[in-house]
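By written order: A, B, C, D, E, F, G and H. Residues from 1 in each chain.
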Amino acid sequence: MGSVSLILLLICGLAFAGGGIFLSWVVAKTKKNAVKGEPYECGIPTTGTSWIQFHVGYYLFALIFLVFDVELVFLFPWAVVVTKVGWTALTEIVIFMFILFMGLLYAWKKGALKWM
Amino acid sequence: MSASTVIFYLISAFILVPAYLAVTVHKIFRAAIYLLFSLIGVASLYFYLDNNFIAAVQVVVYVGGIVVLILFSVFLTHESGKDMQQPVEKREFFSAIASVCGFFLILIQLSLHNFGPSATAIQSDSIQAIGLSLLSTTMGGYSLPFEVVSILLLAAMIGSIAIAIKAKPEDTKTEPAKSQAQ
Amino acid sequence: MLIEEDYITEEGDFVVNIGPQHPATHGVLHLKVWLDGETIKHIEPHIGYIHRSIEKMSESLSYRQFIYVTSRMDYLSAHINNQACALTVEKAMQIEVPQRAKVIRVLMAELNRLTSHMLWWGCTGLDLGAVSPFFFAFREREIINELMEDTCGARLTMNYMVPGGVMADLHPDFQRKVKEVIAQFKVNIHEYDQLLSDNVIFQERVKGVGYLSKEDAISFGCSGPTARGSGISCDIRKLYPYDGYENLKFDEIIEQGGDCWARYKVRIAEMHQSMSIIDQLIDNIPEGDFQAKTKAVLKLPKGEFYQRVETARGELGVFIVSEGGTTPYRIKYRSPNFSNLSALPTMAKGCKIGDLVAIMSTIDLVIPDVDR
Amino acid sequence: MNAIPLQHILLVSTGLFFIGIYGFLTRRNLITMLMSIELTLNSVNINFVAFNRYLYPTKQDGLFFVIFVISIAAAEAAVAIAIIINLYRKYKTIDAEGADTMRF
Amino acid sequence: MSREELKQRLSEICPSVTFDETGEFLMAFFTPDVFLTQMKELRCATDLNFDYLFCMTAIDWKDNFTAVYHLSSTPFRHALVVKVKLTDKENPVLDSVAGIWKGANFLEREVYDLMGIRFNGHPDLRRLILEDDWIGHPLRKDYADENMIEL
Amino acid sequence: MFITEYFKTIFRSVKSLLTGMRLTGYYFTHPSKTLTQEYPDNRKELKLADRFRGEVVMPHTEANEHRCTGCQACELACPNGTIKIITKQEILPDGKKKKRLDTMIYNLSMCTFCNLCIVACPSDAITMSQDFEHSVLDRSKLRKILNKPDSKLMEGVE
Amino acid sequence: MDVDDTKKFPGLVTNTPGGGIVTGKLEDLINWSRSNSIWPLIFGTSCCAIEMMSAASAKYDWSRFGFEVARATPRQADLIIVAGTIVYKMAPVLKRLYDQMPEPRYVIAMGACTISGGPFYYNNYSVVKGVDHIIPVDVYIPGCPPRPEALLHAMISLQEKIGAEHYFAKEKKTSLPMGNVRSAKDALAKESEKKRGI
Amino acid sequence: MTLLYSLSGLSYHIQSWLTRLLGNTMAVLVSEMVIVGLCLIGFLVLLSFTLGYMERRVAAFMQLRLGPNRVGPKGTLQIIADTIKLLFKEGLTPTNADKFMFNLAPYIMIITTMLVTAPLAFARNFQIWDLNIGVFYVSAVSSISVIGILMAGWSSNNKYSLLGAMRSGAQIVSYELSIGLSLISIVILTGSLRISDIVMSQQNGWWIFKGHLPALIAFVIFIVASTAEINRAPFDLAEAEQELTAGFHTEYAGMKFAMFLLSEYVNLFIVSALAATLFLGGWMPFHIGSWSGFNHVMDFIPSSLWFMGKTFFVIFIIMWFRWTFPRLRVDQLLNLEWKYLLPISMLNVLLMTLVALLGWHG
């Protein structure tokens, strides 16, 4: 099977979504009018662009996530062998986690975990 | 041409075409999405090469992490729907020439060099092996880099939080001033 | 100056319209919200999407007729609105209302207050994302509605109170059914606590959110639970009793918190108070007429008459200017929601969008009452 | 599986590398430049994996390099974007040309 | 403060004040020119402390517009109705009290919208209820609209 | 202590959440508590309140007689012009001319079911029916004539 | 003026609680699915909206028919239940929402206000005298407010109406033109002139 | 579900037949694609129908009402009617939207959910791809879906959508960490990332029983975090109806919207299946120590039934959450993750390591 199954699933998904949307495109009736394509905002015409600049808070979360995500990458192979390696594995990971936890505490204290 | 080869070329195309689009499209959001596709393509190449773990790492960090970060920063810094400023044509031209030249240079190198016979042994349960050498403290083990990475990440996190938050007082300075005025 | 500086749109501000068709605005309030990330910098309420010119209409309706439009103002306290109008007319014409009618009115008003608060509770849950409270709230509400229907003939806009009393006598089953539903509700109201009040997520959502200081509440002319949540004593039933409220034992609920949680608690406690009022009255409905004898065509003397009552949302004032004719010369409804709404921008400033929903649901706006 | 010669994979990675380079040279926007760098790093990673896979299938060193490169790329992206955001706030642009004239 | 004391006190503030005692509340007629300062006094004087503007409206009489302010005081519980006659039927103007009672902001906008009285010094005098391009002020007695069908 | 407080918070929150879940779980496992009345299927048993105001009707006897004298009190009482009485002059046997009801137009689409017309009617000619299934696809069907064709005033009603 | 006609209960749904699954033709299937899955847009403006909420509540429970998926966005809704008075200020909003709904779409006018202005017909300067001046209405429910059951009744009538539609046939359903509210008001004034004689 | 089980045998036969006909590679390709593909699509569609129906009925019963019961026997055809309806609904694209991205987003959502199903063990020996990094793969690939949401939200050119997308972006990435960490606590015990190994390791007891307190904590954290990850109430901020109308899919209509719905339900299934696999023994029957008689009876129940039963149990719990709790606010949601779940799950991993190293996990 191997990675072929991935391709299979990919095609499955593509076919399914594509098929459904295409079928709907074929059979569904459409009717155009002037305001149909306008963005919906509770029935009021929008003011200003919808693509606006956001707050730095979003970035901070993504950033902290990224760091811990990398941590996760290392944890998986570690977790697989931890019972084999024994106590050294524990000490190593305690150090590793502790260092990153410091980072979390720093972010916490700095207020980076506050949503704006 | 076997199915496997076909798949390889498909994957190659899936890496290169979005990559090219990523560096040429005008909308920054789209560029990020094309980058995403290219990175997924690279991940599937890893899958293709039976390096599942690396592929998953690629997906987790690049797709789930870095691209999301880039997307957020796009929202943060840009009116993301607008077209970007286009480079000067002259510069575009010369960059293209340089890149193509470099590409052919390496192409020639590649065709001249013989890498020897490809080994055929399949890696056995690479994740176990990776885990073991990650934790081994002997020569050839990676436990020191492993810890160093944590410090690197810590540094990156602290650094970027500090940098990103630094500008904030300036931003918010106007607010208290306003409330005092009331 | 007390007026806050008018907000000037800065470049890059994110302006979102919430409403007039929006699940959280309880009708057709239109809020223009200036956002910074998710934080609300400024809110501008736009109303009038349900302005039905009730004041103008009332000028051409007779004193018997104009009552029915007021059921449509704050339709959740339709009885109490009608009562206010009836009381004004009675006050002007010095009609003596029979005791029985008074008791019936109070009973109906309190039942109406209960249903209104139930609906509010359900909608608060709904607004904060919990769907189930809505259905639990409608359980007793439907029974009371049925009960109203028995006696008044309609479920929501009853038009039951008329100048001089009530339109019809109580349904024979009324007392029994009221006792049943009150007994049932006394048990079931604990479910309200289990489902929402004690829930940690809910408390987190409302505590410390939407703070309205006492001074602001007074200055904005807030009333009802919104003001009482900020520590103001403003229950008309206590301060200016009408229809025999002076003889009843009940507490005016006042919370000092000023936040959504305080307003929430005020309403929940008011439900208990309403039940106790009903308990006091239901077995003591005096015999007698349900309506005073009145002329077929009512004519108010020349003058200005103001009557206030406590609806489920606050102080409703009916201000009638009469020229001596059969129709009012000018009529003004001082609606509680109008003033409460005007305090919304102050409350919501600096909150998140999610908080805005919580604030709106704890002010318990009924927009047709704002617009009239 | 091994029907693909190593050269072909290297070809792909080279292509990716130069696309990255091209992007880096032509883009004027700091974020897109960062994206080009990511492409370049990826092409290197492909090489590591391919070499490991074809030449030393019993060892993991290539893979480790990839993992570390990815980690470092993450760290780099985080810091780079922090800097970009900071620049943007100060100068309201993330144009590299604009950044030339900035005074630090 | 009892009604008599109130009258006493009001006359101090505003010598020209006249009273009408037919209604439930004491009614005081102010004049538009010094209206704002007097209202401020009503709000700020520690013994009056009319901090609660619970109703505000206007009446279209044949020869004038009368703005009606229902005031009460939360600490003292006394109430007062302040009336101001605006004789200019074409262009009635009055000082805004939005700076004294925050709630007046909306109330005055409503009165402006429906009655057409302009309030000087109002921070944001726009139509509140009707559309911005509405013609006329519907609560005026002479308002006519092709959509209004008489019964 | 920060840490104990931290865990206490967790404990308390989990408990409050479980209380809520117990309640919904209780109702989930007790389907008999369901309140739903299945409307179109229970049409037969559906019993509305006697006083429910569903629609203004004019009861007719079997002899096709009604009680409406055409006095127009209801028309006057109605706050929003729902009822329109059209009268005709009828010559009574004794030669006097008398106003009689010709048609009573009732515009269901406008009625607010306020009951004022019923109260105003001096001869109890109209009442409220308990019918509520009025929905129509065509608005013009909502305009009704309450007196049946060729109906007459009941004897003895003035 | 046939009272009996309106009395007839929309029969199909009651007779076969299964909703008539037998689908001889594709069209039947389509109509069956469309009529049994009507997702309303949350659009209540005033008193009638409360009765609409009651219809959703446990006692009446319109979810039995599959109506409970009330959508807040017109993009995913099939039906607007106009529950409550529509005033001139709201009219363009309603129109816009209706326009933003994807085909096929339906409108139920709930309550006297939406049908004709109802209690706010006379001496009133702000209420639209009948929502069908703005958008085409499929089902009218008189009442002020109509009982929740009446709403269910209307929904069933609508189901029946949809069930009888020919999906693939060209339909003629014209939406009334409405430029700005002012001009619409003029048009309405003329119309109401005509209707004045009730 | 037994149907699926027998399908594995069927697919084998067809595959061998095709091999004879077409030669190896092509045969593999064709048979795999067609059969497994159709099966999978059919299965997932059926699944989302079931879940949709189940959700409505569960909600109804919790709310004292009946729920859909008129369309088809007991209302079972309700969702089918909805789907067909959506198919015939106009699928419009807003004028100012980035059309390409707008139309691409549903594909990304669907493909992601499809890809994640690969390593799930639906029954004994029934798995699409038992790859060696099983759970890691799941957590990796599912993180792509956040891109789909961001794309949908951004390209709609609608303010609510964008806000919803940004919210869910921050939310999904955050909760991924807790999911990863609770996965890791189980991986510590199993010593393998392969799903089949994880299931096999629970032959004599499920991890939630064997793993002591840390496993329980990990289970709770996993459930909470995955509820958040798939954007379900009380964490459905991305589509918080009362705040952002419909969040990131505000502008989607018709079939494209159906794709989001579908992927939501399939995601619900996937996380529940993962929870069942990791903590409740996957398709392993329930065994009690040495009661061999009882164990035999349990073995008699088909493994796919076990798997589905456990999965639906978890699904029910997640639904139960949804119909009980109010929604969190954005900042509370992130607080919960960063200040409670993440530190606790980090601690939990260490605790689990202790348990594993002391050999308590049997």
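We take it that a contact is a pair of C-beta atoms (placed from the backbone, for glycine too) under 8 Å apart; a residue touches a chain by one contact, two chains touch by 3 or more.
Given the structure is predicted, the values throughout are model-derived calculations rather than measurements.
The chains in contact with chain D as well as with chain F do not exist; no chain meets both. When the interfaces A-D and A-H are ranked by C-beta pairs in contact, the top one is A-H. Ranked by how far their CA centres sit from the centre of chain C, the chains are topped by D. The distance from the centre of chain A to the centre of chain G, with each centre set as the mean of the Cα atoms, comes to 41 Å. Once the centre of each chain is set as its mean CA position, chain B and chain H turn out to be 28 Å apart. Here the spacing of chain B and chain E, counted between their Cα centres, is 68 Å.
Multi-chain contact residues of chain C (touching two or more other chains): 14, 16, 20-23, 38, 48, 51, 53, 56, 60-61, 68-69, 132, 134-135, 139, 142, 157, 195, 199, 201, 352.
Shown for chain F are the residues that touch two or more other chains, namely 17, 20, 23-24, 34-36, 38, 79-81, 112-113.
Among the residues of chain A, those in touch with two or more other chains are 2, 4, 6, 28-31, 36, 38, 40-44, 46, 50-59, 62-67, 69-70, 72-74, 76, 79-82, 84, 89, 107, 115. Interface residues of chain F facing chain C in the complex, by the touch rule stated above, are 12-13, 16-17, 19-20, 22-24, 35, 48-53, 77, 79, 112-116, 119-120, 128. Residue ranges of chain G in contact with chain F, taken from their complex: 1-3, 5-7, 9, 13-14, 17, 58-61, 64, 112, 115-122, 130, 132, 137-144, 146-147, 149-150, 152-154, 156-157, 161, 198. On the side of chain B, the complex with chain A involves touching residues 3, 7, 44, 47-48, 50, 53, 57, 60-61, 64-66, 68-69, 72-73, 75-82, 127-128, 130-132, 134-135, 137, 143, 146-147, 149-151, 153-154, 156-158, 160-162, 164-165, 168. Across the complex, chain H meets chain C through its residues 59, 62-65, 159-160, 163, 167, 233-234, 236-237, 240-245, 323-332. Residue ranges of chain G in contact with chain C, taken from their complex: 41-47, 49-51, 53-54, 57-59, 72, 84-85, 87, 89-90, 93, 97, 119-120, 122-127, 144-145, 147.
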